[in-house]
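Next up: the structures, one after another.
The following pair of complexes shares a single chain, subunit A, combined with subunit B in the former and subunit C in the latter.
Right, the complex of A and B next:
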């Protein structure tokens, strides 16, 4: 069955984009005079570019993981996963744009290590300048984004080819490429989160930061996959997707939420317990300025999935999954918001028209791109070797 | 019904039937133990007793007999503890996490991996107890009111959290493992001929009757326990890592420790499973159930977890520089280039480089290579703990107290002793317990058994019908006259040979010690005789031995012995 974007969805994305633009406009008008306007504006750009790009990337990771582990059950929703990865080229565009702006403004008071003035007076940053400098930063960024793009392109090409030709050769190529992607991703997911996010709090360091960020990315991607699958099901698409598939996606949401919470707690608890000055400063600042949001975000991301998605029935219930999913997704956005804003703006950060407007605007674009991607091809793979397994999936 | 794609390799090789599975698993329990079992058991027991002796000496004398000093207050004791706890992770990971992922290949290994887990946790648990020095007040680690002991336990200490984490883990693993054993114990009970073993297995099987109600409860409790066990897989080693990471010691305090310890634990646990499985499948003729594909899957797990551990090493190393903290950086420079460089180098080689070799399909499917790597990995993981523990504290903030650690013979004796004890337990397990989950393996036979999978119509199940025929025939026992008649017919073709020329018929795949005895009884003792067999002789033989029909022919004994003969001629 070919997917056609419903008029309702078209209206929704258009409305989101319009509201987003309007809110952002109001936000700009309200804060135009503020001394930290440009900083705030760019911070918002970084937050939303990263957040939405990372969802696409998380879906790509999931796809590669499924290929590399020869997962069978997901075959029926494979095209949905691929549609979410479809945001990757746009995400890359947004990332390059915002990083370029930040570089040209000497870090825009966000990446302070890009500012030669600051570096000259800061011995700690100076010691890191071998790694944190504009040139090397861009080399790394280009490599990350380039590699992600190439893999995305390859997976997409082979998926279309498989629909056309069939056979097992493409499957085995995907198996190898999937494993290879995981190798790159295991390194890049850590280093890129140091470069793009951890370096905002330039003095601070945590070995777990990369894995923590990655867990959040993965969880957000799973949530988007659940919601999108449920949406398509509701419209009568994806006849091959049954309760068991939804249940499995629910389990993934549950599991990745736990993974994220586990890593959040590990990082927080160890730093809090050891209470070493140069490390605790990160949390001190967040607790001081974002107490409610910061702990609220953790509690929501931990308790909601745990309490509401624990039972088997809940993981098959479209309503519960959607509500929990939307809540988790928005609190992961808050997580990214605090990661960036607390480091970049400290006490002066706040959520206003601009923050909400830009998030809505990006969400509108994100949904538009994904739906357009869905409409491009069949919703169920035609010749996937595990399709039969997936159709008979029952747990 | 569960569907399995054609491109997946079958998990049970050969033409197994439901009855074959029961036979293959119960055979080692019902037969007499081979001589090698007694030899291995004896060796393990002697080493174990020596270890117990060392522990008793230590308890009588005090922990001073360890090679510790005032700078290095923790060394082999905690290294061994963490090493064993780590090894004890594979079992529950396999049975709980892989269950949630619905990986069917886990069924071949989960029973013995869980047993291994439990024994490894026993060994691990011993170290903190010995470490207290005064074992008789061991209950002080539990939160008891003051009038029991003289102090209230320190709830702020991760060491106390360890007590809870590990005892919970042990209890849940033990229950989980035992629940799985119950139906299989019942199978053994029902087959047992001796009254004592019937009674013993009867008690062990809790009166299992195999009613639908029992199975229903069994599945329910398995699922609940799997749910409970999964967070435990993460919690135990995370909390063990807190022992170090909550401190302020450079080299110990780092946030990546919890997940990285968990990955390292799974890494070493799987390596230990490989070591044991590779020997067990051979010794107990379970090659059809634990075959190259299983080994390959486990090798992939080893490769992935090894890579996670490697990534964590590099991350730590990089961040120690990136942090700009002098002490942090020194801890790592000292590790790599200080007096313990050799330990660091061994750790890096064994844990980071060796699993990467598994990227080559040839290597990860090679059993000998796997066996070597599995041992190398466990050596490496021991060094990892040693490196983390000793190198981080041997040069503390005061250069005047810098020191080196030299293990005493008690250190070594206790460690080696635990390895001995571990094998004592494991060998007992392999001898008296069903090493494969009979019921679970049967559940995948039709979807993943080779003969079913490759049959044109999966549901036709031609093998089962054949089997029934054989059974019917076997029941009508051959009359004595018929036996001698058939024997003469067989031997006239094969020719008689004297006992003195006896060849090792067990070298033929499909022939175990029992079957060899039967063959010898008939008069078949040499390869030359076997090589002459054709379809007619195979059939005669099958009738005489009562073995499963057509097995010898399918396994191509004649072809096999011809190869064996060529080999011995070339030598």
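Right, the complex of A and C next:
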């Protein structure tokens, strides 16, 4: 069945983009005079570029994981996953744009290690400058984004080819490429989060940071997948998707929420326990300036899925899944917001028109791109070797 | 009360499933199925209720959580305040983070053990309990459907027997209990 973007959805994305632009405009007008305006604007650009790019990336990871493990059940929703990965080229564009702006402004007070003035007076940054310098940063960034793009392109091409030709040859190519992607991703997910997010708090480091960011990325991607699947199902598309598929997606949301909470806690507890000055500074800054948001976000992301998605019925209930999904998705946005803002802005950060406006604007673009991707092809794979297994999926 | 039981034995789980479907479609109530392994999808066919083991797991988990919290507060804060690495040792809340891993482990321990024991009791398979299965071969490579005359009063014993024989069974046994 071909997907046609409903008028309602078109109106929604248009409204989101318009509200986003209006709010951003108001935000810019209100804070134009502030001394930290440019810093705040660029921090917002980084937050939203990373957040929405990472959702597409999380979906790509999920797709590669399914290829590498030869997963059968997800075949009926494969095109939904691929549609979400369709944001990757746009996400790459936004990431490159904001990172270019940041590099050209010597870090824009966000990546302070890009500023030669700061580095000259800072022994700690100087010691790290073999890794944290503009040239090497860009080499790494280009490699990450290039590799992600190549894999995305390949998966997409083979998916279309599979619909046309069928057979198992493409399946086994996907199997190999999926496994290869996981190898790259296992390294890049960590190092890219160090480069793009952790280097904002340049004096501080945590070896868990990459996994923690990745768990949040994965969870956000699963939430988007489950909401999108429910939306399409409600409109009568995806007739092959039954309660068991929804249940499995619900389980993934549940499990990745726990993975995220577990890693958040592991990082927090170890640093709290050791109580070493240069490590606790990261949390001191967050507790001093974002106490309510930081712990509130953790409690929401941990307790909401745990209590509301624990039972079997809840994971099959469209209403509960959607509400919990939207809430934890926005909480993961807050997570990224604090990751960036606490280091970049410190005490002067606050959520105002600009933050909300840019997030809504990006959400509008994100939804528009995904729906446009869905409309490009069939919603159920035609020749996927595991399609039959997926149609009879029952748990 | 005397009851008549029919045991129909099969040598394949798919045949048993089709047989059970056939019997249920004729209006026969299947009391129980014995199998060496779980047969996927048999529950809805013979009308087994959704298990409530998950709810019990949650309750056992809550008990574990409470026990761990109360216990550690008493051991480490009230009875003998422990100074570990100079952490605050006078209030539970301020020291809560150090107790989280143990609380978590104990919650899992209680939930898992409680669930396993409940499962054994519900199935009457605690060590030392008398085996419930009609034939030891159902723990190896045979599958058995159990029908009770008292639950199928619509049918006479002979009718029930002929219905069962329509399915692809390999052996049939009848007993008075």
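Here, the second predicted complex is superposed on the first by the 395 of 395 C-alpha atoms of A that agree within 3 Å, B and C clash if a C-alpha of one lies under 4 Å from a C-alpha of the other, contacts with A are read in each partner's own complex, and residues count from 1 in each chain.
The rule we apply is simple: a residue touches a chain if its C-beta (ideal position, glycine included) is under 8 Å from a C-beta of that chain, and two chains touch if they have at least 3 such contacts.
Only a predicted model underlies this, so the values are computations on that prediction, with no experimental measurement involved.
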Worksheet entry | Fit-or-clash call for subunit B and subunit C when the two complexes are aligned on subunit A | clash
Practice prompt. Go through the superposed model and pick first if A:205 touches only subunit B, second if only subunit C, both, or neither.
Written response: first
Discussion item. Once chain A of both complexes is superposed, is A:311 in touch with subunit B (first), subunit C (second), both, or neither?
Written reply: second
Worksheet item: Counting only touches as set out at the top, which of subunit B and subunit C does A:168 meet: first, second, both, neither?
Response: first
Worksheet item: After lining up the shared chain so the two structures overlap, which partner does A:263 touch, if you call subunit B first and subunit C second: first, second, both or neither?
Response: first
Worksheet item: So, A:187: does it touch subunit B (first), subunit C (second), both, or neither?
Response: first
Worksheet, complete the sentence: Per residue count on subunit A, the busier partner among subunit B and subunit C is B
Item to complete: Examine A:273 and indicate which partner it touches, taking first as subunit B and second as subunit C; both and neither are also allowed.
Response: both
Fill in: Contact residues of subunit A, present in both the subunit B and the subunit C interface
269, 273, 394
Worksheet item: For subunit C, which residues count as touching subunit A in their complex?
Response: 40-41, 50, 54, 58, 85-87, 97-98, 100-101
Response to the item:
The subunit A residues in contact with subunit C across the complex are 265, 268-269, 272-273, 275, 310-312, 394
Worksheet item: In the complex of these two chains, what residues of subunit A are touching subunit B?
Response: 70, 72-73, 124, 127-128, 131, 168, 171, 183, 186-187, 190, 194, 203, 205-211, 251, 258, 262-263, 266-267, 269-271, 273-274, 276, 278, 385-386, 388-389, 391-392, 394-395
Worksheet item: Contact residues on subunit B for subunit A in the complex?
Response: 1-8, 100, 102, 231, 234, 238, 242, 245-248, 253-259, 307-308, 311-312, 315-316, 319, 322-325
